[in-house]
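Got a structure here, written out as structure tokens. Questions coming.
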């Protein structure tokens, strides 16, 4: 597994800061949820910050991202404004989608975050088209699409791998394997040697990495993104874990995971792993965390202050 | 590739007779078509008889079959009465489905031919359920499902391979790779090392054989069927070729295949290959062909004599 | 049935669980397929069934809607009565080829050789701020497919009875669960397994003389609430609960329409192409002269958050719609309707 | 446009090809996706386009409807105007999650950031003995999806004009091609690429005073044939060609209904849940007092062979239905209708 250092790219402190921002953003959203300031449901990515930050760190600003229901971290990593993202979760008119999309449907075209979608597997084939547009325009951009181990069950993933390979589309399939689809262990629902091997059988380049190690994720992404730009699409499988429950309706640790297992993974916190690896001091980390908390607090206040979309706004974007 | 002799199973003469029956049945259907006695469309399996006959020869009578749009040969191999099959193609009330299904929707529950369906890939997951019923009933039967190289494009195939593997279902996936999906070469639409390798990546046992060699097909089927009965589903890829056009709306040789290519494959006629291998005399072959022609002639007359379903019959099988 | 639970207050989700359990006790050929059904996630409708019947009969599937639905069709046509759970309407689209092209047509195409006793439990409507991809109703779509029966139960008892009926049927049933009802409570009388198999008829759940609300699913709750409000104004609204949308009990609709002469057709899909159009046409065809209104969803994707209330009918909009139906023909637009979209045939 | 083909007799399939070609000449951002479209199989609507525009713009896909549709959505939202060909309605179900959950909703869910100029060409109706899985109509289904426009062209000129319109629209369009029309011939005037972009309105294609046939697609051919037969009996049938079903031109329907007072709503999907119900409800709501009939498909899967004629309306059954509408209210059932299913609101 490729763990090359990411020279030229963000410094360890910058990576830490981005992960801290996602961590605190998810915490704040959860708290707002418990205070009934948020409606519907949310899927927090606490524990998986290394994947979002590592992948984006190795991509270019012009590259595009697509995501799924657990997409806040991907959006923040790509540069979506935390205030406008939080406002979207609050269903407010200053949200990135005017409050009409909500947590599971985030889009910010301006920063290349083309959309997180709620139907498992459904955002995957969109990446083909995004890459096709880039290929036709002669741009060198890659489209990376995130999905989970549960998404691996959807046939459209294999149709899409095949199409990406025969059309030599600059697509990077990123499987965020957190070992569970809600209550269902991936091991119970995934036959054969594994996701990486499946990708090779469809003509993709493929790597499997430790998703808790942000630098390892970035290194492998750089390798696969370079191949994708050259017309060889790839798949990156990141082994990770969600520290909380699946969604609000799932207790923090769930009944389907043992306390030991959860604690073992919490021992591999991506922020701690990076701090140790890059020898970031406790003070440095504390400062970066405090900055993240301040930014998130500002985001929550921005969201609270924004009004809900009115009937006029809601009626837009259907016809005409 | 496994080419074990098929001791205990049908003799070469019997295999030849079955292939001759399919060959002549398809010819007769085509002629009826050209005389406007048949409506809609038909997909002839001339050139591919070795696959249908070889697979069925290695299965048990109690095993089940599912098929696709090019299914006449599979039905005949499984024992569907040629007269009632021809009547179905003619849309007559004495057809196996009362004339309501037609060429692309053949079912004969009595002989374990559970259905050929017209939506590419759509019959594949049905095999899982058929196998599940058998597994629950403690029966030792296998369900084999035929599909083409075009079916390989459908995601449901991979979902189905995965489900068969994790539930250890007695399913045999048979890919009848005749190198084209209508006008589209499989090579242009199928990325990676191949179908056999894809199956392994989903936890299946897999073999690739020469589909023009009926004994080789039977031998490989016996190997995979035995594993399937033991809970290890498998995939058999048969390399074959259709000697005619895709359907009535496609000229006999099509514009997308070179005459050389067609003639090269016609040189590997499954009947001739078997005759040579098993040293069947020209006289023996001629006799078997004559018998087949007589049987098919009888089938055509039976079909012609049968009335079309009336309004009463047509209104049945919707409610109640 | 001398079951301790024989009569008690249960939720709609629990009533579904009770029906599944009683049916599985009575019929060992029943198998459940779905995602996270062993854990009963997310609505609890299958909770405890895995413990009771084992992983052989309560089967967690991968997130493979197409193969799961196809597997269920194949199993159903070979003697395994199969129940597939699809949590949200939007996900049903992934299994629709199997449901519409295969399950619904195999009996017909095979000349009656194949029967497909498959029941698909699918959530319909909004759930509360899940936004566009998790909030939609497909009643007209599903009702229009020849070969499918469509149930739309309106309370726990109704869910129990329709599910027991559906699990005795030899042909495919789509069981449309209104997600807004999962936590609704009501009495449940568990019927003996051997109840009649005739197609359930529509029910007048509240008699009235001034107008009729023809409804199903959560619409019944809205109509009953509106009826109560209207009663205070001296208006007696009759509430007809259709229970099934395919086949549709046109006689019951006509009877109520003739009785009151004013009919509100209530649904959750858009007025363009939605089920309210079929209900209205049925009234016009079978009870000439009645005044008919349609209240359905706005022709919008469902917005996130509390804004979804603009899209779907509410008790208030049902009451307003009924007042509009009662107004003199010539009378102006009348009170505005905010929740959902309303149109009236001022005959 | 000084094109040699500027005015000639072409088939519906050729008119579609002409529209694709003119649009692709005018807009280099247009890309076609589909199976065997380079060869133009099976109906010839894309024949020669691959030679003209190359494999980069005319892309043969594997048999992967879901990924192809999803790819088209992703391409459309990033500047590649995409046309997807789906030969038969039954296959559309495999791409429906992408079409309904993504293409139709992305503009709304993204607060207008994303636009999806995707056009899906899909065959509808029966083709002649292709049986149940290849013969179905989904007009009400598709019209009911917020975010989709639905075209149902009725002849070569109409197909050309609607396709050119659809290829200028910034939002998704389903282009429902009636398979019975592919070989139908008619005059074609190729319009300049810069035509107006307003939503096309319904057209009275034959004026009449005694009754109206509200139709689309092949229904127009049936209605015109019936009108001719009826003219011999002194009955003047007005034929209103809707052209689009979403959005629906309710004003044009009301105008014709008020003019004749007798309206036959003609469709190809079943009366239960089908588009004729919406057309009828629209008449009742916007032209009170008109007598309305619905002629649609029988509620059967389509049988193989010539038996399919029982399922779908014919010129004879349209004429019979109109005679029924003209009969005195009290009058008995009137002549039997064999092709399709008919119901009447005897107001």
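A, B, C and D label the chains in the order they appear, each numbered from 1.
The working rule: a contact is a pair of C-beta atoms (placed from the backbone, for glycine too) under 8 Å apart; a residue touches a chain by one contact, two chains touch by 3 or more.
All values derive from a computational prediction rather than experimental measurement.
Participant: Would you pick out the chains that touch chain A and also touch chain D?
Facilitator: For chain A paired with chain D, the chains in contact with each are B, C, in label order.
Participant: Any chains in contact with both chain B and chain D?
Facilitator: A, C
Participant: Quick check for the class: compute each chain's Cα centroid; which one is farthest from the centroid of chain B?
Facilitator: A
Participant: Where the CA atoms of chain B average out and where those of chain C average out, how many Å apart are those spots?
Facilitator: The mean C-alpha positions of chain B and chain C differ by 41 Å.
Participant: Averaged over CA atoms, how far is the centre of chain A from the centre of chain B? Could you give it in whole Å?
Facilitator: 45
Participant: At what distance in angstrom does the C-alpha mean of chain D lie from that of chain C?
Facilitator: Chain centres of chain C and chain D, defined by C-alpha means, are spaced 30 Å apart.
Participant: Where the CA atoms of chain A average out and where those of chain C average out, how many Å apart are those spots?
Facilitator: Distance between chain centres: 36 Å.
Participant: If a residue has to touch 2 or more other chains to count, which residues of chain D qualify?
Facilitator: 61-62, 64, 66-67, 90-91, 94, 97, 101, 108-109, 131-133, 146-147, 247, 299-301, 303-304
Participant: Give the residues of chain B that touch two or more other chains, as numbers and ranges in rising order.
Facilitator: 97, 99-101, 105, 117, 119, 153-156, 159, 162, 166, 188-190, 318, in rising order.
Participant: Once you've mapped the touching chain pairs, tell me: line, ring, star, complete or other?
Facilitator: Its topology is that of a complete graph.
Participant: Taking the touch rule as given, give the residues of chain B at its contact with chain C in the complex, in rising order.
Facilitator: Touching chain C from chain B are residues 64, 66, 95-101, 105, 107-109, 114-115, 117, 119, 122, 124-134, 136-137, 143, 155-156, 159-160, 162-163, 166-167, 316-319.
Participant: Going by the contact rule set out above, which residues of chain D touch chain A in the complex?
Facilitator: My answer: residues 31, 56, 59, 61-62, 64, 66-80, 82, 97-98, 101-102, 106-114, 146-147, 247.
Participant: Quick check: in the complex, which residue numbers of chain C touch chain A?
Facilitator: Against chain A, the touching part of chain C is residues 35-36, 38-39, 41-42, 60-64, 66-67, 90-91, 94, 127-134, 299-301, 303-307, 310.
Participant: What residues on chain C touch chain D, complex-wise?
Facilitator: Spelled out, the residues of chain C in touch with chain D are 90-91, 93-94, 96-97, 100-101, 104-105, 108-109, 131-133, 139-147, 246-248, 269-278, 280-281, 284-285, 288-289, 292, 294, 298-301, 303-304, 343-347.
Participant: Please name which positions on chain B make contact with chain D in the complex.
Facilitator: Contact set of chain B toward chain D: 39-41, 91, 97, 99-105, 117-121, 150-155, 181-184, 188-190, 246, 249-250, 255-256, 308-309, 311, 314-315, 318.
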